[in-house]
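One chain, chain A, appears in both complexes that follow, with chain B as partner in the first and chain C in the second.
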Partner chain A sequence: MIIDRRKVLAGAGALAIHPRVARAQTHVIKVGVPMPLSGPAALYGQPALKGAEMFAAEVNASGGVLGRRIDILARDSKASADEAVRVARELILKENVHFLVGTMTSAEGPAVSTIAKEEKVILIAPIPKTDQLTAPRNLHPYVFRTGANTTIEGRSSAEIMAKWTNVRKVATIVHDYAYGQDVAKAFVEHLKRLRPDIEVVDQQWPKLGEADYTPFINAQLARKPDAVFSGMWGGYFVTWVKQARPLGYFETLENRIINPAEVGSIEVTRTMGADYPFGIWSNTYDIAHYDGQSEAHKKYIERVSAFTKQDPPSTWPITTYVAMQFLTEAIKKANSTDSDKVSKALLGLTIEAPFGRQTLREKDHQADRGQFYGRMVKDARGGPNAVMSEVRYVDPKPFMD
Partner chain B sequence: MRRQTVTGVVVSAALFVIAATVPVLGSRYYTFVATDIVIFAMLATSLNLLVGLSGLVSFGHAAYFGVGAYVCGILMKAGGVPFLAAWLLGGVGGALLAGVFGYFCVRLTRVYFSMLTLAFAQIVWAVCFKWNDVTGGEQGYPDVPMPDLAFLDWLPWIGSLRSGDKFYFVVLMLATVSMLAMRRIANSSFGRILTCIRDNLERTQFIGIDVRRHQLVVFTIAGGFAGLAGGLFGIFNRGVFPDFCYWPKSAEVLIMTILGGMYSFWGPSIGAAVLIILNQYIVSRTEYWPLVLGAIMLALLFAFPRGIAGAVGAAWRSRDRFNA
Partner chain C sequence: MLELLDSGFVLGQLRSGVTTAIFLFLIASGLSLIFGVLRIINFAHGSLYMIGAYIAWDTTARLPGYGVSFWASVLVAACVVAVLGAVVERCLLRFVYRREEHYQLLFTYALVLIFSDAAKILWGTEAHSVSRPHGLAGSVELGGVRFPTYELVILAIGSMVVIVLWLSLNRTGYGRIIRAAALDREMLGALGTDVSSLYTTMFMAASFLAGLSGALITPIRSVVPGMDVEIIVDAFIVVVIGGLGSLWGTLLGSLVYGMVLAFGIVIFPRFSIFAAFALMALVLIIRPWGLLGRPIR
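Here is the complex of A and B:
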């Protein structure tokens, strides 16, 4: 065979210019993870990243996927939409990542989804909850969500409250912005469907970042509700509890309060210690120990504990761990890392997550991801901190539509 | 022509040629970084009309950038307005808002002026953050459409480029026109009066110049150009978000301006390029980027108290003196 110098040069040039060709040559599967790793949101972003890293380490130790290693390329999205877009583009254009698994806030998710659509690179969003992400008008073949959304969260809470037989008058308190509005709407609509006898007597809408919740709390108590749905989260929850307690809020309501937004997670119970409003109901993505826990979940908790050197471990690694599980199963099923093939393989895909079976629905690219719900109590297991009791995984399958 | 003018024209032309050759490198990544830099260079230069030229330190310049982005993005997506018209209206939006806020701000001086600009910017942010029906609230306004660039297709080389590169050329052209306009303003007699006000406000008042009116006019102009930069960034970013108006964005632009050198016309552009490249480079290498970036900034600001452009300029002049 005669080797033409020009042809070789031209070929090399083409390889250098076309990232897709160059990409196919590499033996590594690159997964970009844009996640807030600095600032206040890093409190959740850092442990969330650990899940993907642990998953990659486990898969690589057992020979990789399709015989290829998984590389996790983490980038700080700074919890800002334009920075998330910037790092997502850098990951795609410069690092030639095959997939994106990440974003946290409800602004980051849809922002990066647009880039995923344009660049034809799959984005699996493990955390953003906004319904907008997978709403029909925003849906495209390259976006999927393995986390819960506001509809699931609001309706799960309604399912729990519907069982409180002595409750007739219900009130809500959520921040006046997209998440609060959406989750409260989902809760109220579903509760009315389940319990037509219940009356919503009051809805309070403090603004996000409100320093003084007192007027809202007083106004709510004046309407004498039997139970309350609250959408407070993170530091806002802490402030709200501090201001509500001296007003006798929790005693008056006899703790008939359900507050999802992961304030039942160990991160929050640790932060608040003895100041936690014991007796309320809440939720969490993951929980280290509970009755009826499967062997698979126990083993998973042990591994996360060892990987993150934390006991009990953070509740956030599970978010990206499950997203990575879906991704690798789809790669195996498609026998390829091609975006279009993997996208098709993800539709209707079922996996065995540590806490149970999960399916990515074909019609809206949304996983049937429920959360653990339970009553937050003081008992020997938690020392001074609240622990979740009466734990149940609320499966959203029956009420997602 | 005066020698200074010649140097200015040469520097401007050289920068333009360098910027225009980026797509030749063939990497979409370089084009993406270059687009980012050109837009922020425009924004930082508009801020410098206030900070460097007029001595008005605005802590809220991002507000006009954000409003320009929202106006342009919403008009294009929801209103179906053609790109050029939407872009210009974005600038008008920024200028109008700056005119209203500036009316109050220029009544104050120094740090009180700065605080009021910050307060107004936070109001703009809060409105964008909460007005779900119009701005999409905290989730932002995603999927701003790409302008139709088919009109470029008849051009010999540009017409054959990828859409990202074509958009880059459009950004570069519009930014060049805007920069030349700002340069013209800075070098006009109006610009000289602003510098006069910066250096000695009382004396300028004594010679019969309406200080507040001049400050209000430049505040409005700067807001307008910030709005124009915002319109381009909203399209480039493929969505507009309340972060655009938030105070860290104002701080970022202020850092670009000071780092690059606020007493030089091209200083802020250099600052924008340095900060964006450093940010991209460091963030992709370490999650401890705030520490590394902070340390580099500290070193740069200590080494070049008048900014990078100031240091380069001083070196240039001392060479002249040496030769003479």
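Here is the complex of A and C:
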């Protein structure tokens, strides 16, 4: 006999006390965090979780929210949509969490969003980038995103490239799947608006997981672009760079390349060491030191450093830290942990994030979250590793719509 | 598609196609060899390749003096993987030879899962990177095309492997026994050959090739979990096109796959992968035993 796991779970939930009744009886505010904690994505999932844990520790030390403690209940989503849905359901039905803050990939986010809608439990997604998560047809009162989306990332990159005056012919290389297609589209459309004189001469679409980029690199060079937008990330970026360098890719383009997708983070620069393509532009969620850094941000970095015993600390804790900030501010404003009241309080809510002011927009539940962009160079600060220079926070407010 | 008229561009794509092919050959030849003699479809061949890559990365990081240490670690990786292969064959695989094919498939698939978790426990889930060996980081220009020097060396090593494999299969006594084993192992056993030790040797040789190709690829690709499954899919396409069990078929299959990828992206920018799969499907329909393979009786 085949037993449907979901039906059993749903049945068990119905038999027990209704979850919302059970939740109201507890004094602790429970926040469920589905996040990849094993497998390749754990490299980012583990430090991302630290941000929420640190935030909870800080809030609890100063008396909690509405006089109540915050408990973080982390579950391994294994970077899979099915597993994320399973653990999200378990968190809601068995652990009676009040809120969900989590998911990482663009597959997990939308999948857990449907659970949030069904169970009327708020999901704040700190990392997934796909525009689909908060697109009009998928939007519902219980889903919010505090991370940058593909539109913000593609357009931020276009804003930077638009200032490169000697560029006329542009090419793109991204993986042929949701993230790559969306980010390239956002980049190209915005760039054409900013610089009608620029022509897109080539677009390469290797499949996700492609191990051999050389034919794509060679074909791209043959079209003689002046500059390139690349959407490579993580280990794929490492492979791509290794194959492109001996073909003279970076030399020919004189490093007029912008590659967001956080390859400017210390996680990537540490892996690559001296093999990093110094001179390209990239982005990162967070950066330990830069000119014009606010006192609040410096203090935040010190705290993360102490909490994670890492110096400089990972660039990922900020993702869930900001999501938790939004959540607790909304709970305070609503003076309640009721999903509907907190959901209303989140609309248009403004907070002071460590790196500056952030607003969760009422119309699309999307935060005006920008990232740090800069040129990756070799200098004394990084030793053999690349460090970001000319650092700027690209505020997406003017070009989000 | 106008680029196809530009000789520099065509040469560049040819170069990248051949490089892809030589790596695929190194990995797929072992797969094909095992099938040809042991009649086992070894899913775990990609895992041995992955372990070779991890060992090469690990040893390079430990040994001093980069230029020498890279080649030393390639050798270490290939040998360790060969020994691992022998252990797997002796202690595990020989118990499933007489089982039905789907048991064998499930068994080698189980090995894939075990090796992949073991690699994560031993080496973590981060992407690792190995720099190109000293003196081979640059490129040389031939006929207006840049040839990365490291890839030229790989080309030389790959060609040597083709020749050595062909000579040892066709010009040595042991090779004759191997070919006989591929045709009729029972008769060979009846004639007094120790078939069981022959199998171990073959599996060891194939594992050596897997470890070698995994180690040699580290300066070109990143060492990450998942590289095992990635490569085994490509290797299967190659042997299906060329013919399981045929050395020249594997070489031809590798070249066809490399060229389809290199030129496919010019003609159908977003469908070059589809082209490779379509080609495989076509071969399966017209010649199910592959271009140079032999029908299995």
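Some observations on this one:
Rule of thumb we're sticking to: the second predicted complex is superposed on the first by the 383 of 401 C-alpha atoms of A that agree within 3 Å, B and C clash if a C-alpha of one lies under 4 Å from a C-alpha of the other, contacts with A are read in each partner's own complex, and residues count from 1 in each chain.
One rule holds for everything that comes next: a residue touches a chain if its C-beta (ideal position, glycine included) is under 8 Å from a C-beta of that chain, and two chains touch if they have at least 3 such contacts.
Since this is a predicted model, take the numbers as computed values, not measurements.
Of the two partner chains placed around the shared chain by superposition, chain B is the only one that A:L93 touches, whereas chain C remains out of contact. When the two complexes are overlaid on their common chain A, residue A:A107 makes contact with chain B while staying clear of chain C. Judged by the touch definition given at the top, the superposed model places A:T271 against chain C, while chain B stays out of reach.
Using the contact criterion defined above for the overlaid structures, shared-chain residue A:G234 touches chain C, although it does not reach chain B. Once the two complexes are overlaid on the shared chain, A:D176 sits against chain B and chain C alike. Contact with both chain B and chain C is seen for A:K207 once the two complexes are overlaid on the shared chain. When the shared chain is aligned, chain C comes close enough to touch A:P40, but chain B does not.
Taken together, the two complexes place residues 38, 176, 207 of chain A in contact with chain B and also with chain C. Of all the residues in chain B, the ones that touch chain A in their complex are 26-29, 32, 36, 129-130, 132, 137-140, 142-143, 233, 237-239, 241-244, 248, 280, 283-284, 287, 289-290. Across the interface of their complex, chain A is touched by residues 3, 6, 8-9, 12-13, 15-17, 19-20, 23, 120, 125-129, 131-132, 137-139, 146, 148-151, 219-222, 224-227, 230-231, 234, 261-263, 265-266, 269-270, 272-273 of chain C.
On the side of chain A, the complex with chain B involves touching residues 17, 19, 37-38, 74-76, 80-83, 85-87, 89-90, 93-95, 105-107, 110-111, 113-115, 118, 130, 132, 138, 176-179, 181, 207-208. Considering their complex, residues 38-40, 42-43, 176, 203-205, 207, 209, 211-212, 214-216, 218-219, 221-223, 234-236, 238-239, 242-243, 246-248, 271-275 of chain A touch chain C.
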